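Below: one structure, written as structure tokens.
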Amino acid sequence: MNLVYFALIRENIGKSSQSIDLPEGVTTTGELIDHLSTLGDNYNAAFAQSDLIRIAVNQEYVGLDHPVTDRDEVAIFPPMTGG
Amino acid sequence: MNLVYFALIRENIGKSSQSIDLPEGVTTTGELIDHLSTLGDNYNAAFAQSDLIRIAVNQEYVGLDHPVTDRDEVAIFPPMTGG
Amino acid sequence: MRISAQAEDFDISAEIELLKENRTDLGAIATFTGLVRDIHGDKQIKKMTLEHFPGMAEQELGKIGFEASARWPLEDLTIIHRYGELLPGDNIVLVITTSHHREAAFEAAQFIMDYLKTNAPFWKKEETTEGDHWVAAKTDDDDKKDRWK
Amino acid sequence: MRISAQAEDFDISAEIELLKENRTDLGAIATFTGLVRDIHGDKQIKKMTLEHFPGMAEQELGKIGFEASARWPLEDLTIIHRYGELLPGDNIVLVITTSHHREAAFEAAQFIMDYLKTNAPFWKKEETTEGDHWVAAKTDDDDKKDRWK
């Protein structure tokens, strides 16, 4: 699975993208966030405030119960502040 | 008194400005319009529809009961259509 | 505040630059441009002539600008209204409002346009394929103005 | 409809000309420009960096433009959002809406700005005299978007 990060979440994690193998039992965006949070303090810090997390799967906004597969691109970022 | 006309009223009367001596008894804008309407068919046509007349005395919009004197500039024109 | 009744065309970018000159505190700039359309109802417009009351036109545009500044937290504004002979596609009127906040800029620009339609001494005459006529005032425009009361 | 996420600055007059090209039927053009302000709250801004999600940014701006076109009788529209490093006074975003009617142009431009603030994947980082920080999203902006529901 391809992961991309933006803004503060990118900075906290320390990289803008990465490839991971989706572990057995991780089938939704929410489970993915929980899984990533176990990968280290930097991930844990990035995802500490769940109300400040936004997710797009294949460039479509989704919630925390959206299904994910190994073929998806999942983007994780804070609330948008453009305009 | 100086009179200035604009748009359709100017075209109906056939001139864009004129000087008149204010007759005895003409003390308001409404009386002025009534007086002008007696000056000829062109004036009568210009002022036939009272709801299509707007008046400014010394460049301030006023109603038909506004006082007028010989020293005023009175502008008479149809409703505005700018913008 | 920049107010102008003029025969010449205007350039929006250049007018915005005038408002921005020497300042970097503006967060929001709204503009509205009114143009001569080639169609009015079922008639084809060949030319439009705008007549105005010199002196009073500028004065009324200024009053509308001041009223907008009193109602909204504007930083600055520009109102330019052209007169003379115009062709379809030509600019007629430009309103620019600047503020720290976008709602103020948007609302003030709308307010100025609504008031200008009924309060600024300009008159439009259209030359169409079926003859010339003075454009009739819309009661509709009075309603639009009245919503700001 | 012209949609662009770009590092380069834009010129409003030139963008309007693109929309007007070969047509004389447009009666109303509304624009909104958002700029980098030199002050945010009590902090002085030295620089602003705009990060964006390439591809998805253009896609979301396009969706907002289509939604506006579905709700108002627009003739055409432009949305340009910059990314990269910007200084106080620099342009961030431009929205242009054209219509036969001024209300449609005004309202659609406001709608686009309100949606863009919460839906377009752009993030602002400010470099101030007291350090750097990512701008926090305002719940206020969600409210503004919700009024269009």
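As written, the chains take the letters A, B, C and D, and residue 1 is the first residue of each chain.
Here is the rule we use: a residue touches a chain if its C-beta (ideal position, glycine included) is under 8 Å from a C-beta of that chain, and two chains touch if they have at least 3 such contacts.
Bear in mind that the values here come from a model prediction, so they are computed numbers and not experimental data.
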| field | chain C reached from chain A - shortest hop count over touching chains | value | 2
| field | Whole-Å separation of chain centres (CA-atom averages), chain B against chain C | value | 26
| request: Please report how many Å separate the Cα centroid of chain C from that of chain D, as a whole number. | output: 23
| note | Chain centres from averaged Cα atoms put chain B and chain D apart, in whole Å, by 49
| message | Distance between chain A and chain B based on Cα centroids, please, to the nearest Å. | response | 74
| request: Name the residues of chain A that each touch 2 or more other chains. | output: none
| remark: Among all residues of chain D, those touching at least two other chains are 34, 113
| remark: Chain pairs satisfying touch are A-D, B-C, C-D
| task | Show which residues of chain D lie in contact with chain A when the two form their complex. | result | 34, 50-53, 55-56, 59, 81, 92-93, 113, 116-125, 134-137, 141
| message | For a test of understanding, state which residues of chain C touch chain D in their complex under the given definition. | response | 11-14, 16, 20, 23-39, 87-89, 100, 102-103, 105-106, 109-110, 113, 144
| Contact residues on chain B for chain C in the complex? | 4, 6-8, 10, 56, 59, 61, 75, 77-83
